[in-house]
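You will see chain A twice below: alongside chain B first, and alongside chain C after that.
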Partner chain A sequence: MSKSVIVIGGGIAGMEASAYLSAMGFNVTLFEKDEKLGGHLLNWERLFPTKRLGSEVLTFLKKGMDDKIKVHTNTNITKINSENGKYFVTNHNNEIFEADALLITTGYDLFDARRKEEYGYGIYDNVITSAELETMFLSGKPIVNKQGKVPKRIGFVHCVGSRDRKVGNVYCSKVCCVTAVKQATEIREHLPDCETYCFYMDLRMYGAKFEELYNEAQEKYGVTFIRGRLSEANETIDGSLLVKVEDTLVGRPLKMTVDLLVLMVGFEPSKGTKDIARILNLSTNSNGFIEVVDEHTLTNVTNQKGVFVAGTTTSPRTITNTIYDARAAAAEIACYLNLYTIESRVKN
Partner chain B sequence: MADFGYKIQEDRQINYDSNDRTLFYFLKRVEPSISLCIGCGTCSATCTVGQFTQFDLHKIMLYVRRGEKVHIANEIKKCMLCGKCSLVCPKGINTRNIIFQTRKFLHSNK
Partner chain C sequence: MSYNPFVLPFSIGLVIVIILILWKYFRWVFSHEKAEQKKIVKLIFSFKIFSVIKEIFMEVLLHRRIFKINPVLGYMHSSFAFGWFLLILGGTVESKLHSHHAFNMFYEPIFFKFFSHNINGFPFANGFKFLMDLILLYILSGLVLAMVKRLYKRMFGMKKTTKLRLVDKLALTSLWCIFPLRLLAESLTSAQYHNGGFLTDNFGNILAAILPVNQLEYPAWWAYSIALGVFFVMLPYSRYMHIPTEMVLIILRKAGFKTEKKYTGFSRVEVQSCSRCGVCLDACQVYSATQRNKMLPAYFLQSVRFNKKGKQGLTDCLMCGRCQEVCPVGIGVNAIRRVKRNEVFDEKGAEFEYLKDSDSKTKKADVIYFAGCMTHLTPTIKKSMVNLFQKADVNYWFMDEDASVCCGRPLQVLGKEKDANILADKNRELINNSGATLLVTSCPICYKIFKEEYNLNIKIQHHTEYLNELVNSGKLKPVNLNFSAVYHDPCDLGRGSGIYSQPRELLSKISITNKLENEKEMALCCGSSLANLPAGFDDKELMAIKAAEELCKSNPDYLITACPLCKKTFVQACNERKIGKNVKVKDIAEMLAEAVM
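After this line comes the complex of A and B, so read on.
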């Protein structure tokens, strides 16, 4: 009988790894806590760096999910035991599933912007998150603020909940700079008369085609970039927001009113990631994500034999890098189940 | 009256709700490459004028963007239009033309 793998978390990483494992002939069972597969991708309209539709990528992922893969949605995991190299996973109905290896792809949660009180999220009407702006784009409805007014000026605040020791997240979330650049240009496409401003600390345009998108934002779309971290936002009488920032390139304080303020919220390990790490006794790194055994050479391997990880479960990353990582994890698991373990290359 | 040494401090804030960005929009039209500036400072570092005076090209361009026109007219006169700044700019910005066009704008808007 062929060996079996249980995948926990049906986002991009879980779907793509399941597809590859099943295609390689393993018995795959995928658990997803929500109603639908897709994870965060379900909420994004257009993707950086190309602005193609997120739904196209989702269609691609779904096509990979052949009939042999047993998908259980709306499923919570309550217990995981291991015995003689086998894993036994219990769901909320007390049903027990058996597997030879586990793949954890429980992903990330968005930073709760209310924790940065100075930006007024949850207090002022017109402070929203980058994810909420995606929802507005997806809805296809006209872009208006809470008072129903078409915005004349929108500000984007980078690094909300990232690179911030005070909230406990020292790391960079990697995708929010380029998301801000993408969203600012989309606003200019929807509302050509609306000015857009990005308030940044550093612009991290590291990926293929990111710098091009940034150049285009400046030259074609007229997005203005102001280097400085917002110190505060205050609501004015008409619901717009007065923001204050040090323009660190000029070396002087700057203020402006904006009709909508978009907070580029960062990544945190998801509740599911933290729960599973606890249940399985997986090591986590200083940022709370699941730790891999070696950052360079054992990237999908955890401290527990037979338990593997992929995607944003280990650190923030783009869709492209999540897909790479899922395929790498599938290869890693196939090696393990065929009795070739990569650890044998590093341990003498 | 006795002078207690008190005075009214000028507001140092750049106020984006009241600043005048006409010069920037003019430059954007005649020399669109100005939008690409990332403030890296290579132009200022190569400029001979900047070596001996307070003249600082990338700051001037930034002031133009922020609608701060004060002092620009005086400053920009110092440039010799040698073009070294355009030579070194990594973004391929025609800085020399920006200075040239700024002078033209200031001249016709006197």
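After this line comes the complex of A and C, so read on.
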């Protein structure tokens, strides 16, 4: 009988890893807490840097999922026991599933922008998050503010909940800079008369074609980039927002009203990630993500034998990198379960 | 007249110390202006002088406040002060009764037993023998405690004790020698002449059985005299200067002296009144979080007294005022620190060009609302206040709604008084032109400077006071939301301005408030005070977490405060990652806005 793997979390990493593991002949069971597979990708209209539709990537991922994979949606994990190298996973209906290896792909949650109170999210009507803007794009409806007006000026605030010791997150979430560039150009496409401003600390355009997208945003789309962190936002009588920024390139404080303020919220370990870490006693790093045994060489291996991780469960990353990581995890698990000698490099 | 050369060390020491102390007294008082000096004369010839005498007796001799902090510590301090006082008083009366003269040499009461072998034949002679030995025993018991304290400070309710300077160590050693040497000298005399009481006589008999008492007696009296002399000479340069200073402090304080903008003679009195007892050590949150100690009053005041260079002691302080609350002498260390910061940092630095551009539009209104910059960073508070003003139908002007000018206090606490004044002038102009009769602010930091430094002739209230009045007068009708809450006293509102009851009264109408270990005067600082620049992010976070842990011990639904800065700090600390549980943090105005929905 072939060996079995349980994958917890049916987002991009969970789906792609399940597809590869099943194709390699393992019995794969995939648990997902929500109704549908796809995770955050379900909420994203277009992807950087190509601006292709997120749904196309989702379709690709779904195609990889063969019929042999047992998918359990709307499922929460309550308990995991291990005995003689086997894992016994209990769901919320007290059903027990057995596996030879576990893959944790519980991913991230978006930073709760209420914790950055000075930006006014949850207090002022027209402060929204990058995810909410994406939902607007996805809905296909016209882009309007809470008062139903078409915005004339939109501000994008970078690094909300990232690289900010004051909220307890020192790390970079990696995708927000380029997402802001993408969203600002999309706004210019949807609303050619709407001015767009990006308030940034520095722009981390590290991925393939990111820099090109950034150049295009300035040259083709006329997006304005202002280097400086927002200090605060105030609501004016008509619901627009007065933002205070220090323009650090010009070296002077700046005040500006915008009709819509978009907060580029960063990544935090998801509730599911934190729960699983607790249940399985997995070590977490100083940022709260699950810690891998070696950051260079054993990027899918945890401190618990037979428990593997992939995707944004270990750190923020792009969709592309999540897909790489899921395939890498599948390979790692295959080596572990088939006792390939290459696996002897893993000490634990 | 009795005389022996061994009295010389004592006598010379005493003369030196008296001259030095009188010189200091003279300098302290005459550094003040005539009008100020007159306040002292006025005090002396008023009935208030009785309360001064009472306070001197209670604090300088009995150390009532130290007793309150810890009875054993209080007993130790009072045994030295009150015991020694009684010893001098008793000795003087005894020696005068014995000699039948009102005047004798000043050293005679001190060395009475040496000069008077036959001490019967005057009223209560035996009673005095007993009494004087009892007093000596009282002091010696305190001395034993002092020695034990150096080893087991926890027994005295102290986690830490102060480190001593060399001159303090010498003075301490000579002080500790004085009373055992007196016991030895008197016992050795009594062993031969039987002029001692229950203690010295019996002890003398024991000594006589094992030692050649007649040879040892004279050196012992020399040693006793030398110990006294050394102590006296050391006194003005050591921490023991607090003994002759504290009563001057009490007199001047009662006469209305204060450290304000300048380092005055009175400030010197305050500084030298510090005995470095170390009670302030355990109150300091910076110290307990970081183990840095230069800013502790016990050391900071010492560095001021001896003009030590180095800014850390000056700057590494939250100015939260907890140390002032526990100081048994009541030294106003915050005021001294501010004055000293001004001396170092107060040069006009900023241009504040934006003041020229900013419009000076004043709106006529009954009430001015000044949110303060920290409230702009916590807009829920601001929004709640606007909401409540509208609900209560108040004719108000939101003074810093768009263009705000800082109140100046953040600069002021950092020693930048001149810069702070430029900002204050601008705000004062705006406030005075509005014709309002009431200024309400949401920020305790602004509140304190408005109240103490702006010299406004309108009423100033923090929103806790104002909202409480609105509720009491029926203009706002909150429902009880029945959540459990703890109330955190912000430093500048509580200790800084004495506003304790209004927020509690207000909160009691909308919630069930849990008791706290440290509240009101002893409330913990959130750690984010603007007064401390050297403390880094990690230090401040550590202080915030420690404070949050204590505040949330009772697992309340809400942690309620009345300061935007405290709120911002605790929002980041009161979560599972930092303190192991999630507690919601809100300003009292937000809570009230929810309750009057």
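Basically, the second predicted complex is superposed on the first by the 342 of 348 C-alpha atoms of A that agree within 3 Å, B and C clash if a C-alpha of one lies under 4 Å from a C-alpha of the other, contacts with A are read in each partner's own complex, and residues count from 1 in each chain.
Definition applied: contacts are C-beta pairs under 8 Å (C-beta built on N, C-alpha and C of every residue); 3 or more make two chains touch, one makes a residue touch a chain.
Since this is a predicted model, take the numbers as computed values, not measurements.
**Student:** Can A:N215 be said to touch chain B (first), chain C (second), both, or neither?
**Tutor:** A:N215: touches chain B, not chain C.
**Student:** Considering only touches as defined above, state whether A:Y124 meets chain B (first), chain C (second), both or neither.
**Tutor:** second
**Student:** With both complexes overlaid on chain A, does A:N93 touch chain B (first), chain C (second), both or neither?
**Tutor:** neither
**Student:** Scan A:N338 for contacts with chain B and chain C and give back first, second, both or neither.
**Tutor:** Neither chain B nor chain C is touched by A:N338.
**Student:** Check the residue A:N76 against both partner chains and state whether it touches chain B (first), chain C (second), both, or neither.
**Tutor:** neither
**Student:** Looking at the overlay, does A:T257 come into contact with chain B only (first), chain C only (second), both, or neither?
**Tutor:** Touch status of A:T257: first partner only.
**Student:** Looking at the overlay, does A:T224 come into contact with chain B only (first), chain C only (second), both, or neither?
**Tutor:** Touch status of A:T224: first partner only.
**Student:** Output the chain A positions appearing in both contact lists, the one against chain B and the one against chain C.
**Tutor:** In the superposed arrangement, which is not itself an observed complex, chain A uses residues 253 for both chain B and chain C.
**Student:** What residues of chain A sit close enough to touch chain C in their complex?
**Tutor:** Touch list, chain A to chain C: 115, 117-118, 120, 123-124, 165-168, 231-235, 242, 253, 288.
**Student:** Please give the residue numbers of chain C that touch chain A in the complex, ascending.
**Tutor:** 354, 376-380, 383, 401-402, 537, 568, 571-572, 577-578
**Student:** Would you mind writing out the residues of chain A in touch with chain B in their complex?
**Tutor:** Chain A reaches chain B through residues 215, 218-219, 222, 224, 227, 247, 249-250, 252-257.
**Student:** In the complex formed with chain A, which residues of chain B make contact?
**Tutor:** Those residues of chain B that touch chain A are 12-17, 28, 32-33, 35-36, 39, 59, 62-63, 65-66, 68.
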